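What follows is a structure written as structure tokens; I'll ask about it next.
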Amino acid sequence: MKLLTRGAFALPGTSLDFKTGTWRNQMPVHKHWGAPCHYVCPAGEDAQAYIGKLQEGHPQAAWEVLVAVNPMPATTGRVCPHPCEQACNRGKMDEPIAIHLIERYLGDEAIKNNWAYPVEGKAKGEPIAVVGAGPAGISAAYHLRRRGYRVTMFDALPEAGGLLRSAIPITRLPREVLDAELARILALGIEFKPRQALGRDLRLDDLLADYQFVFLGVGAGKSRHWSVDGAVPSEMHEGLGLLKEWIAVGKVPIPKSVVIHGGGNTAVDLARVMKRAGTAEVHVITASGLPGPDADPKDVLNVVPREFEQAVEEGVVFHPYRTIQRLLMRGSKMVGIEMVRLKKIKAASGRTQRVAFEGTETVLHVDMVVPAIGEVIDPTGFESLVGGADYFKADPWGRIETHDRVLVGGDARGDRGTVTAAIGDGRIAAGVIDSALAKAEMPAVKRRDFIPYETLNPNYFEPAARAKEPTLPIGRRTDTEEIEGGLTTAQIGQEAARCFSCGNCMACDNCWTLCPDNAVVKTRDRATDGSHYVFDYEFCKGCGLCAKECPCGYIGMTDDA
Amino acid sequence: MAKSSSQLKDEILKRRSQPKEPAAPVTDESDLARLRKSQPRFRGLEAGHRACQGCGEALAARLVTEAAGPDVILTNATGCLEVFTTPWPQSAWRLPWIHSLFENSAAIASGVEAALKAQGRATKVIAMGGDGGTFDIGFQALSGMLERQHNVLYVCYDNEAYMNTGIQRSGSTPHAAMTTTSPPGKERMGKRHLKKDLLSIIAAHHIPYAASASVAYPADIRRKVRRAVSITGPTFLLIHSPCPLGWGFDSERTIELARLAVQTGLFPLVELERGEITGVMPIRKPRPVADYLKIQNRFRHLFVEDPRALKEREHLQALADHNIDQYGLAGEGADPLDADGADTVRRGGLVD
Amino acid sequence: MLHALEGSQAIAQAVALCRPGVVAAYPITPQTHIVENISKLVADGKLKCEFVSVESEFSAASVALGAAATGSRAYTASSSQGILLMAEVLFNIAGLRLPMVLTCANRAIGAPINIWNDHQDSMTVRDSGWIQLFCADNQEAVDTTIQAFRIAERLELPVMVCMDGFVLTHTLEVVDLPSAEQVDSYLPPFTFANKLDPRRPLSLGTLVGPEYYSESRHSLHRALQKSIPEIVAADKDWKKLTGRSAGGLLTVEGPKDAKTAILAMGSVVSTLCEANEVLAPKRKTKLIKLRAFRPFPVEALVQVCEGLTELIVVDRAFSPGQGGILGTEVRSALAGMKKKPTIKNFAIGLGGRDIPLETITHLLDAAKEQEEGDFAILDVELNKLPPEDR
């Protein structure tokens, strides 16, 4: 029996005897959502995570988070079309975080300061062969090396890099950056054997005899067959070939006017090269739309939006939602093309079809047409694995039905198309091999759901303009100098501070500050769920305020059974 | 048999003499009680109080006492805060606290302060009350306290009606709001009169410092409390504290409501020294009052097909616009102290 | 030391001798001179205390409440409407068990407004839980004021010292003021165990529900009852120190064998005593001077009423529609006596109506006429009223 105090005074803090948690019918829980940048990244980079480290003032730790997934951030920071930025929730408030510039910065800093890759111990596991030293092969080799395997990487060319070296203009990717990054990766203890072409210098059977697994990152080296109703110009050049030639020997044909047919990086890069080389009129015809604020990101040119803008700046003319319907010839001489509007439309069957619209035909007077509609694999040396197909058919882990010790990734798959996708394939294949040889868990190919903008609370973020990279003015652009520059450390700090930390706790104290019931308790170290706060369910009344006000959407309400 | 105070004193002294447990190095849910004791902030108001879910007043009181620190004596007018914190034998307070009556929080504080002065103690006194206990019934005592220059910070938790008695209109209830004593009907559209401009009346006392604040801006509250308690003399703080039950909105929206009240201009955040405006929180992009009104049940009658409803909505918009003009609230650019920037969060929490 | 002082001045001196920490007051006739004199003592540096001139009696009581709760000796004074305005706070002070002293310069309650003396003000707050001591003269008022602080602080209860407005407060009398040393030896410095203190942060004034409210009221009731020996002891010790008693719970004067007694409180007792000696020595009447109205000293009263056949209770206030307040309470107190006197009850001197010496004979005569259980205003002149209001 409680004895009444004189005048009924009470002792301090005794309300702790009254457990208000029993009032609750909903309870807050921490939920680590995927950030959209992570969800869409073909390489699997969690930009939210490394930007978080950067905000904490640990750039090297940020880089380590980054290279735990992608060993080549200095490269991808420059060449990736960064779908992460299109997906970035910040874009719904003002402008997306310049993730590529942060990635590039971390990559460049690592090279500058010679930060050590988080790779430990000596390679002593089973031997693995990687064929093709492009992005997929390098990524596979790196991740296998991280897991302790002895890796031998073969490439037909004298230097590693694949299409990064052969097909991407120096103006986008200076070779000293590529060289430095590759050298640092190879120096981790990856045996690299150049000038070894499959079917010429190597036999697949030999590889399978000598190595436990073979990863094929052979790319797509052959141009896809192109014709207009069976017709082709007499003097046929295809896009990737012209680009490679230009990179290798510095020469391209210079017609008066040209139309390039295609909607990818090859088309845009070539268009800019030809324009700079002196072609007066350069047209790009693409079945896709153009990047822009109202565009559907799934239906636009598959290029970095800035590259497109720079191309327009430089005078390249784009014709979206069109295809070439007819070549106009005078004898064997090409005088123009007839193009027509088309759209991808969902047919009754549910599949999308391209439908050309009669009555929208127009004529372009051009001397030359260059197809840049993509490439297919050159199956020399592994014909038995691919049959007659244009590409490998692989499951999401890179496994193929025709051989259980061969995995494929990158452009050889046909369903990829970017450097970052190839890097993702290499990482996953390494995980698959590890799971087979060391009973490690199979790598996850599904990402956690990403958090929609509506679930965040953007009130807690100030409007702040996106950082802009320094860009060479048109007049000063050459064929040898990188057009875009990077940001300063201070700018990077400001840019990182714009991050919403979508779906992940950033220890901002907001829940702790706003709980009317003192039911959010702060932990000095991380709590078991990785945040910095613990809900005290003995007292939490389930008002939902912390969830509503969590800037990052990290807190959700769930029924309390 | 009642326990004598000396018995209790012994009990407390015994409790106090027990060694404090060291802070937990690693924490999980089982360490909660220990963790609670080692929070890196002063806990003036403890968990286990019986405020409704999402109570703005409870939050405001927590923030005020946290910012003011442990060397404080609190006085409390009758009202929700008093009731939900101290149902005997429990108290949620960790500060010396006294409740006497509805209308005398300021006078009790005056007496406490006079006694402290007589005893040569430097403890700060904070008087607290709701809007009923401040704008209305306790106003005379408050005015007297300010006029006599007692060294007291008076904090009014403004939830714009008599909530403890079941939502009756007070002098602070906004124009056109529905309460149980200002119901809309054939002849009425909610409260007929305006919200009393208390801050101007306070300002007329020429006290060293008076300010308005909002639970939507905790850092601003902390700053204003610290400023107020650092001043020797009477100071006043009016904190807008939404009431989910009384205003009719979901408990999770307390902060959202408070924020909208500021961003519409209906509840301007200002600072006054000696009666002169010395600071305002600018509004970067004023929001239409309808954004604020339409999510509250107490303004539901303003969103029906009725010309009177439209008129009252426009009236409230005009009042908000008037505030924006009057106090110069229209902000420009990204001012970090504006209504958007003031609640900016940062990784690792706010250092202020 | 003897001084010729106005009542209010004497009270101010007595309060100052008790070294209060905080004095809060608001002016009202006839209390004004008390607080004027205290503020003068403060202004002259003769009294070191916080003098808070508040904006209402309500705040005066509240300030005193806050000060007492913070551990300071607190004092306030008021009258009439002021006491009524304080009423809510007075109940609160007692319920919180806060010791303090209040001087009530008794005055009538309006309407009609009337600034002169009767007891309606303090009678109206008799249920507030305060100890109420009534003084017959200024010496008693001075001594009672000092005793009141000791009683209050030992019991953690507030004490109201009632003295008749004008009749005492504004009358110059010779008063023996104790020395500072005497008072200091009698009244130790104030310590309050449950004071507001950040080092021991108690919550005062909590919400108590039905399951404990009765106990809290019982506790207050018992505290008042148990204050009886404390009141007696305080007066006994005072007498030891100064040679003067302030009247204990009650005192009896007049012939020991008298079968009739008049019971009254306050200055009217002095008048009746003098009248008894001068005008009615043959009618053999005792005078019972009741000092402690709260707690009501039932036992002591029964004792002094043994052997009486008639007891005339003189009220200075009444409860309209019922009768004299003191009369009702005395009837109730003596109800258990085996041979109890017949009890007659009159109100006199309302709103400052003069109480001449002849009142005693009027009382004794009227008592013969009054039926047991009745009540009347003795000096009412019905011919001043329209017939329908008589």
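Labels for the chains are A, B and C, by order of writing; each one numbers its residues from 1.
By our rule, a residue touches a chain if its C-beta (ideal position, glycine included) is under 8 Å from a C-beta of that chain, and two chains touch if they have at least 3 such contacts.
Worth saying up front: this structure is predicted, and the values here are computed from it rather than measured.
Enquirer: Would you mind checking which chain's C-alpha centre is most distant from the centre of chain A?
Expert: Comparing chain centres, C lies farthest from chain A.
Enquirer: Kindly work out which chain lies most centrally, taking the average of its C-alpha atoms as its position.
Expert: Per-chain C-alpha centroids compared to the overall one single out B.
Enquirer: Name the chain pair with more contacting C-beta pairs, choosing from A-C and B-C.
Expert: Answer to which pair has more contacts is B-C.
Enquirer: Where the CA atoms of chain A average out and where those of chain B average out, how many Å apart are those spots?
Expert: 49
Enquirer: Taking each chain's centre as the mean of its CA atoms, how far is chain A from chain C in angstrom?
Expert: Centres of chain A and chain C (C-alpha means) sit 90 Å apart.
Enquirer: Any idea how many Å lie between the Cα centroids of chain B and chain C?
Expert: 43
Enquirer: Which positions in chain A are in touch with at least two other chains?
Expert: Touching at least two other chains: 4, 6, 8, 10-12.
Enquirer: Multi-chain contacts in chain B: which residues touch at least two other chains?
Expert: Residues 2, 4-5, 8, 12, 85-89, 91, 93-95 of chain B touch two or more partner chains.
Enquirer: If I count partner chains per residue in chain C, which residues reach a count of at least 2?
Expert: 96, 156, 194, 201-206, 208, 212, 219
Enquirer: Would you mind writing out the residues of chain A in touch with chain C in their complex?
Expert: Against chain C, chain A makes touches at 4, 6-12.
Enquirer: Quick one: which bits of chain A touch chain B in the complex? Just the residue numbers, please.
Expert: 2-6, 8, 10-20, 23, 52, 55-56, 459-464, 497, 501, 506-510, 512-519, 521-525, 527-528, 534, 536, 538-539, 541-545, 547-549, 551, 557
Enquirer: For the complex, which residues does chain C have touching chain A?
Expert: Interface residues on the chain C side: 95-98, 156, 194, 201-206, 208, 212, 215-216, 219.
Enquirer: Okay, in this complex, where on chain C does chain B touch?
Expert: Where chain C meets chain B, its residues are 21-22, 24, 49-50, 52-56, 58-59, 62-72, 74, 88-89, 92, 96, 156, 193-194, 196-198, 200-209, 212, 219.
Enquirer: Of all residues in chain B, which touch chain C in the complex?
Expert: Residues 2, 4-6, 8-9, 12, 70-73, 75-76, 82-83, 85-89, 91, 93-101, 103-104, 107-119, 123, 140-141, 143-144, 147-148 of chain B touch chain C in their complex.
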